[in-house]
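Below are two complexes that have chain A in common, paired first with chain B and then with chain C.
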Partner chain A sequence: MIWEAVIQPFADFGFMRRALLGCIAVSLGATPVGVFLMLRRMSLTGDAMAHAILPGAAVGFLVAGLSLGAMTIGGLIAGMAVALLSGLVTRVTALREDASLAAFYLISLALGVLIVSTRGSNVDLMHVLFGTVLALNDAALILLCSIASISVLILAVLFRPLVLECADPQFLRSVSRLSAVTHFTFLSLVVLNLVGGFHALGTLMAVGIMILPAAAARFWANSIGGLIFVAIAVAFLSSLSGLLLSYHYSLPSGPAIILVAGIVYAVSLVLGPAGGLIAQVLPRRPLQN
Partner chain B sequence: MSAQKSLRLLLVGAGARLIGAVIVVAALWAGFYWATSTPGAL
Partner chain C sequence: MTSALAFKDLTLGYDRLPAVQQLRADIAEGSLTAIVGPNGAGKSTLLKGVTGALAPLQGKVDLGSLERDDIAYLPQQSDIDRSFPLSVVDLVAMGLWREIGPFGWLGKKQRARVDAAIASVGLTGLESRPIGSLSGGQMQRALFARLLLQDAHLVLLDEPFTAIDARTMADLIEVVRSWHKEGRTVLAVLHDAETVRAHFPETLMLARELVAHGPTEQVMTAENQFRARQMCEACAGPPHVCGRDAA
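Coming up: the complex of A and B.
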């Protein structure tokens, strides 16, 4: 029974194994980045950046069709350009960062959809917006695993400065020259992981696997190491369950994965011991001497 | 504020974190081998 429901799809079908590995790679790379985005109160920035990569990927599509390399390079350039331009607008004008990011991402989304629609079909547009996790080839898997490997190694090296920048950026600036390097490297990691996630889950869903597990983990752990561990576990579980639901009930895989992560988030919101609804309602233990 | 302080900030505990990261990366690439080389219907 369990074999047929859980193991057999992956034992029998290569596309399911590839989809699972792609999701694991995205979970390993993007989810810890999502934890730091959440801790820096930049969750919506991730969403904005996910939309911002669309016109670049669309230009790559216009030039070379559904080419992995062209769409990746286009997405990276567009994502970095929007990150830098919105930062520049914030510094030289009266507009605040959230408004400038929102303006850029809305323009990017409209431009991206327009470019894809002029050249491609609705199927191409759906591929770009919602990804094709069940059709990942070797090249796409190598890209996803490489992005995950780079992210994990960079996060291991920059862990302390990143934690300090979340907790007290002024202190980091006062004791070290690493603040600007850390910030720029972190933004690069956000863009890189969104571009990777975009191939598997599409531009609209990529940010889901980044933010939802991080938000759910917030209700189960208090330390940053604990948050990252729980968030990756939630992302794994959501990926596995979403793929199996998609396989057994013929559901679109990307939305199924993100919806399972959403259900885990909703359950955590109610049951989570670290600030969940029930934990807030239950009387706290009195202080003991 | 000095380069030495920045370096110390980076290096404290970095060895253990890097070893953990290398293990995770190795497991991921082992997964890649499993996913792409195991025979299956499709």
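Coming up: the complex of A and C.
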């Protein structure tokens, strides 16, 4: 029974195994990045960046067709340009980060739509929007795994400055010059993971696997390590269940994965011991020092 | 007496509107100085000028042989995110940055010093508490423990005793006095005249411009305080005349 429902789809079909591997890679790379996005109160930045990437990928598609390389490079360029320019505007002028980011991603999005419409639209662009996790080829898998490895490595190296930059940026600026470097490296990781994620889940769904597991983890863990661990576990679980649901009930896989993550989030919101609804309502014994 | 830092015709401000004007003063090495003045006198702005967070519009802050990481700064409203999942130990251990940097290991020796700093501000037993659960006074104690570990030659404090209980204030003043005994230079923005008279030998009175600087009993006179208020009121007109409130 369990064999048929859970194992057999992966045992029988190569595309399911590839999809699972792709999702695991995305979960490993994007989810810890999402945890830091959440801790920096930048969850919506992920969404803005995803919009910023879309036109870049679309331009890549128009220039070279459905090519992994062109679309990845296009997305990276558009994403990095928006991240750098909005960061620069924030640091140099009086405009705050949310407003400058919003300005740049809207410009980028409008530009992208304009370019696409003048060159004639194509249904294959649905690939960019909603991803093709069930049709990942070798090159795409290698790209996803490389991005995950790079992310984990950079996060490990950057861990301490990043925690300080999130918790007390003023202090980091007073003791070291790493603040700006940390900030931009982190934004690059966001872009990199979104670009990787769009091959599997589509640009908009890729933000989901970044933010939803992190938001769910907030209700279970009280330390940064704990948050990352729980978030990755939630992302794995959502990927596996989402893929199986889409297999058994012929649902589109990207939305199925994100919706499972959404359900886990909703359950955490209610049941989570760290500030969940029930924990807030129930009287608790005061902490002993 | 050598000076730890010197303000040389220093003008600081925001958007080219001066908040501190033409300040000329020497802060002696090892001195314990209170910076006082009415609201909007430029006291906090002055500390930001010393940390380098704010570039001078004119003149300069001469730090002599001091490097950027010889300076420890406790801002008035620290922008620490209190909901961030950090424990007291994590927060205090940040003070070791100069020693272990971004990649160094927090060894047994360092850990012992973190515990000692926590003990000297009276937070022993709360090491593993999340910072979100601390009271205002406890949080200020933890921030002082972090300052202790920074082991800085120059310590800048901006309204460090505002909104904390008397007991905490007394304990933290002891910490400040111990810095003074160790020969560190301490500059503290304060608004309570009693505290200044009781614990701070030197005072610098500011009202955008320098009002007086020297031994506290000579600076904290009724006449000077009256003059400072008048100078600030004269400046408190439309913002394009004298700059916005920058305290």
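Keep this in mind: the second predicted complex is superposed on the first by the 257 of 289 C-alpha atoms of A that agree within 3 Å, B and C clash if a C-alpha of one lies under 4 Å from a C-alpha of the other, contacts with A are read in each partner's own complex, and residues count from 1 in each chain.
Here is the rule we go by: a residue touches a chain if its C-beta (ideal position, glycine included) is under 8 Å from a C-beta of that chain, and two chains touch if they have at least 3 such contacts.
Just so you know, these numbers come straight off a predicted model, no measurement behind them.
J.: Look at where chain B and chain C land on chain A after superposing the complexes, then choose clash or fit.
T.: The answer is clash.
J.: State whether A:Asn222 touches chain B only (first), chain C only (second), both chains, or neither.
T.: second
J.: Go through the superposed model and pick first if A:Leu39 touches only chain B, second if only chain C, both, or neither.
T.: Second partner only.
J.: For A:Val152 in the superposed arrangement: first (chain B), second (chain C), both or neither?
T.: It touches chain B, and chain C stays clear.
J.: Once chain A of both complexes is superposed, is A:Val59 in touch with chain B (first), chain C (second), both, or neither?
T.: Neither chain B nor chain C is touched by A:Val59.
J.: In the superposed arrangement, which partner chain does A:Leu187 touch: chain B (first), chain C (second), both, or neither?
T.: A:Leu187 contacts neither chain B nor chain C.
J.: Between chain B (first) and chain C (second), which does A:Pro161 come into contact with in this model arrangement: first, second, both, or neither?
T.: Both partners, chain B and chain C.
J.: Taking the superposition as given, does A:Pro169 touch the first partner, chain B, the second, chain C, both, or neither?
T.: second
J.: Quick one: is A:Val133 in contact with chain B, with chain C, with both, or with neither? Answer first, second, both or neither.
T.: neither
J.: Who does A:Leu178 touch here: chain B (first), chain C (second), both, or neither?
T.: both
J.: So the two structures are superposed on chain A. Out of 43-51, 79-87, 97-105 or 115-123, which stretch of chain C collides with chain B?
T.: 97-105
J.: For chain A, give the residues common to its interface with chain B and its interface with chain C.
T.: Looking at chain A, the two contact sets intersect at 157-158, 160-161, 164, 174-176, 178.
J.: Over in the complex, which chain B residues touch chain A? Could you list them?
T.: For chain B paired with chain A, touching residues are 1, 3, 5-6, 9-10, 12-14, 17-18, 20-22, 24-25, 28-29, 31-32, 34-36, 38-42.
J.: Which positions of chain C touch chain A when the two form their complex?
T.: Contact set of chain C toward chain A: 51, 53, 69, 71-73, 75, 78-81, 84-87, 91, 94, 97-98, 101-103, 125-126, 129-130, 133, 146, 150.
J.: Could you list, by residue number, the parts of chain A that touch chain C in their complex?
T.: 39, 41, 157-158, 160-161, 163-164, 166-171, 173-176, 178, 221-224, 226-227, 287, 289
J.: Where on chain A does chain B make contact in their complex?
T.: Within the complex, chain A touches chain B at residues 11-15, 17-18, 20-21, 24-25, 28, 138, 141-142, 145, 148-149, 152-153, 155-161, 164, 174-178.
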